[in-house]
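Here's the structure we're looking at; comments come further down.
First chain written, first letter: the chains are A, B, C and D, and each begins at residue 1.
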Amino acid sequence: MNRLSIDFCGVNFKNPVIPASGTFGYGREYEQFYPLSRLGGISVKGTTLNRREGNPGPRVAETPSGMLNSVGLQNGGVKKFLEYEMPNLVTKGTRIIANIAGATVEECAELASMLEGSAVDLIELNISCPNVKAGGAAFGTDCTIAGQVTRAVKDATSKPLMVKLSPNVTSITDIAKSVEANGADAVSLINTLLGMRIDIKTGRPILKNNVGGLSGPAVFPVAVRMVWQVSNAVNIPVMGMGGVATWEDAVEIMMAGASAVQDHRRT
Amino acid sequence: MNRLSIDFCGVNFKNPVIPASGTFGYGREYEQFYPLSRLGGISVKGTTLNRREGNPGPRVAETPSGMLNSVGLQNGGVKKFLEYEMPNLVTKGTRIIANIAGATVEECAELASMLEGSAVDLIELNISCPNVKAGGAAFGTDCTIAGQVTRAVKDATSKPLMVKLSPNVTSITDIAKSVEANGADAVSLINTLLGMRIDIKTGRPILKNNVGGLSGPAVFPVAVRMVWQVSNAVNIPVMGMGGVATWEDAVEIMMAGASAVQDHRRT
Amino acid sequence: MYKQGKFIIAEKKAIAKGIFDMTVLCPEIAAITQPGQFAQVAAEGFFLRRPISICEVDKNKGTIRLVFEVRGHGTDKISQLAKGALVDVIAPLGKGFTVLEKGKKAICIGGGIGTPPMVEIAKQYGENATVISGFRNASVVILQDDFKSNGNRTILCTDDGTAGIKGFVTDALAGELAKEKPDIIYACGPMMMLKNVTRIAAENGIYCEVSLEQRMACGVGACLVCVCRTVKNGEEFNSHVCKDGPVFDSKEVVFE
Amino acid sequence: MYKQGKFIIAEKKAIAKGIFDMTVLCPEIAAITQPGQFAQVAAEGFFLRRPISICEVDKNKGTIRLVFEVRGHGTDKISQLAKGALVDVIAPLGKGFTVLEKGKKAICIGGGIGTPPMVEIAKQYGENATVISGFRNASVVILQDDFKSNGNRTILCTDDGTAGIKGFVTDALAGELAKEKPDIIYACGPMMMLKNVTRIAAENGIYCEVSLEQRMACGVGACLVCVCRTVKNGEEFNSHVCKDGPVFDSKEVVFE
């Protein structure tokens, strides 16, 4: 028997450590370093309904103990994911977490329904992206909208649903309670903190998109705090992430209440 | 003429760099390193109506490129500040920013009125502390309450009023607009981000208070982003702070829109 | 296929103002490195590695050579590593230059700190390669002797004429093409230079490869931050310097 | 008055399992250091300095001696600094031990890594000082020869009896007091040990000073994080280890 294996909202993972979405591509790039079969699972990069080119560069800026990124959800779209990536992923003997993001509630629901036939084990719904119909405010910054999109996606899928929460809010526990009340089987947190760097030689923001998401060890204390708050506020399992770089970090965020961890591979 | 001098909401500072409240005590501890007369000003540690013992220890935890603290506003109270610290500070030839914090709107107003006769140049109102009458939620996390306390303090003083904003909010620009509409002459940001560390040897939070405020270079990208957002949203001057450790950082946060900077001396 | 490890610095010296020359003993990397590939080098205390083009490879000695400029605190930290110390490197990374069969002629163009990757590719062509390199002034001229020991013909340009001929590498390129057209052109340097080299190559119907730069994170194609704009059969799309490049067919690069 | 600077490491060696002995050449600091004061030592790559008690001062050589245990990544980083390297130090900090006039007798008590600060204070008393030090086992016994060369009487205790007598320093202290009462007792070590030493000293009516530890940031009394609970004329209040201590009159410390 495998003492590291866990049951996470009905999905069995052979161990609780999973590379975070967006840091690991579809696994192809790191396969030689980390045989995917050794990973508890993989949360693949954010997938949208249609192919997205993402933001213009520069898309990255270094920060103390971290980095800002503004990739802008570049991906080939859900059809390419299902036709090109899934056939490869299913052969790897690891759990597959599909990370999905939509511009509207309807789009999120449609994305989930398109994954119905697939071998995806768990759906991770990214609610930190802008809700076009709500003037671009992120779904994840409003309890009502976060609840609505969760409910719509849950109704559109038979797979377990994990909602990825944004830390850029006044009360992350209120958001967590709302998505739990609306059918979420789990929550994952934290997504990136909104940040900015300016090139003092030019006076202009380093990122073409001006602002970007802060990740890395710098945000780890915020992740630990929010995981601790949320796991004390909801009854569904929490997947912890945000600057988890070492095994000690993984232990610490699990002590804060996470049942599983998404880590940020450093190479 | 001094090319570094600035006018900040009517107060002339000989230069725009000021040690942040809580990092510099009342100046006594660092005098031999930094003659106070060379500083643009000093934002003294948070002062409350009555003497406060603060939180039990440990009050500090190290984090990647930063630290958490939970001092809990330990201070001798406003009377001691006026009788013991002010007579010393007025001899230093630098601007004095009094940082005040109260448990209720009325207490904040009373604090401000007690500074009326003093040589304090600028009042910095800390609205990140818990509002006892609102169940302990920080004044600074609600637009209405932030506006109310700002108005009450403004009505109680003839001195320029700067409101120090909390970054632990969904929209810091909404809070900034509310305090501007209610009479704030300036805003300062960011206060610390709420964070937590756990000692993996004991499984317990390192801080006796469980959570604490994250400061240091780790939070600098969040500070730059919020200063940029707020300075584009209000017409009153912004004093930037949060992980400012080098002259390059000071330049960067001023490029983001700050007219002056509170820095975090590293020794 | 790339390797990661901490390797011994066999040689390190400053070769010009703020420019360092580091030879790293890493046989498993040297054995598989192609001209034009790069290395991701860790700078202690910094979150992101620094991408540095591989200047030269010695498969017999099992070494790679990194010539880089100190541009900030991170590269400054790397430049402080001493001979004998360990340096944390991931390499070889990215798509390198296309090497034509023996006897073909090449022109290699380097602009400033874009010059180092030209050493290994020019070496493949020996006397059949002409290396045109340009620098701000004499104080930052580098690698001319290395090209000569490759057997390459060299044309040195400086903006102020303090070394070689006064003028831009593109002027020298035009002059060369007027005399004889090579089978291929390689270029690395500022975007404006690459844009002009690309135009001149196109006007002369010569295949040209350019090596691009972009702010980078993972270096292996996973994080998608090092984006550059490219075009194929009329359709524009985003490529990534670390995996699709750093070397691109110049016709496929979209220059703003 | 304290100084900050980068100073040369004159000596560095490991003296027990995970315990290092570093001598730093800093005449301006050595000249003003009192027994029981401490230094704030920077660990590269870490935000906070590490507070380390000053074990010994040589005002002629202009050196201070720091004996510390590797407890985490930060102290590990400091322990890697080599002889001849620079170490960034702020010292002397805090309130040290009260030194009585010549001829007075003292008992100095060190528990584990609380032993180093006893070297300098015991030196002030020479043969009039008895040093009782306790350790987990023989593998972590330190500084006994230093006390002997001070001319001190030494009593060594270990929890498991693998060195010296088997038992606690408090047992040895009680035994000493039964024979003769000193004019003062100094102690540094685990809180439980300090609590018991304080009780025994009080029962025997002997003035006692204890040196405390707490997680620290600025080290100079500005940030107020290194809090400890103290009492004076019946009133309890918070003091700060870095400025009001690390040495306190044991009667004024509130032990939980």
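Following the convention adopted for this analysis, a contact is a pair of C-beta atoms (placed from the backbone, for glycine too) under 8 Å apart; a residue touches a chain by one contact, two chains touch by 3 or more.
Remember, it's a predicted structure, so these values are computed and weren't measured experimentally.
Taken together, chain A and chain D share the touching chains B, C. Of all the chains, the one whose CA centre sits at the greatest distance from that of chain A is D. The interface with the greater count of contacting C-beta pairs, when C-D is set against A-C, is A-C.
Chain centres here are Cα averages; for chain A and chain B they lie 34 Å apart. Chain C and chain D have CA centres that are 57 Å apart. In whole angstrom, the spacing between the mean C-alpha positions of chain B and chain D is 36. In chain A, the residues touching two or more other chains are 61, 63-66, 216-217.
Those residues of chain B whose C-beta lies close enough to touch chain D in the complex are 22-25, 29-30, 32-33, 45, 53-67, 69, 71, 74, 206, 216-217, 267. The touching residues of chain A, counted against chain B in their complex, run 61, 63-66, 68, 141, 168-171, 193-198, 200, 203, 205, 210-211, 214, 216-222, 224-225, 228, 243, 248, 251-252, 255-256.
Residues 44-45 of chain D are the ones that touch chain C when the two sit in their complex. The touching residues of chain D, when paired with chain B in their complex, are 1-2, 4, 40, 46-49, 74, 90, 214-229, 237-238, 243.
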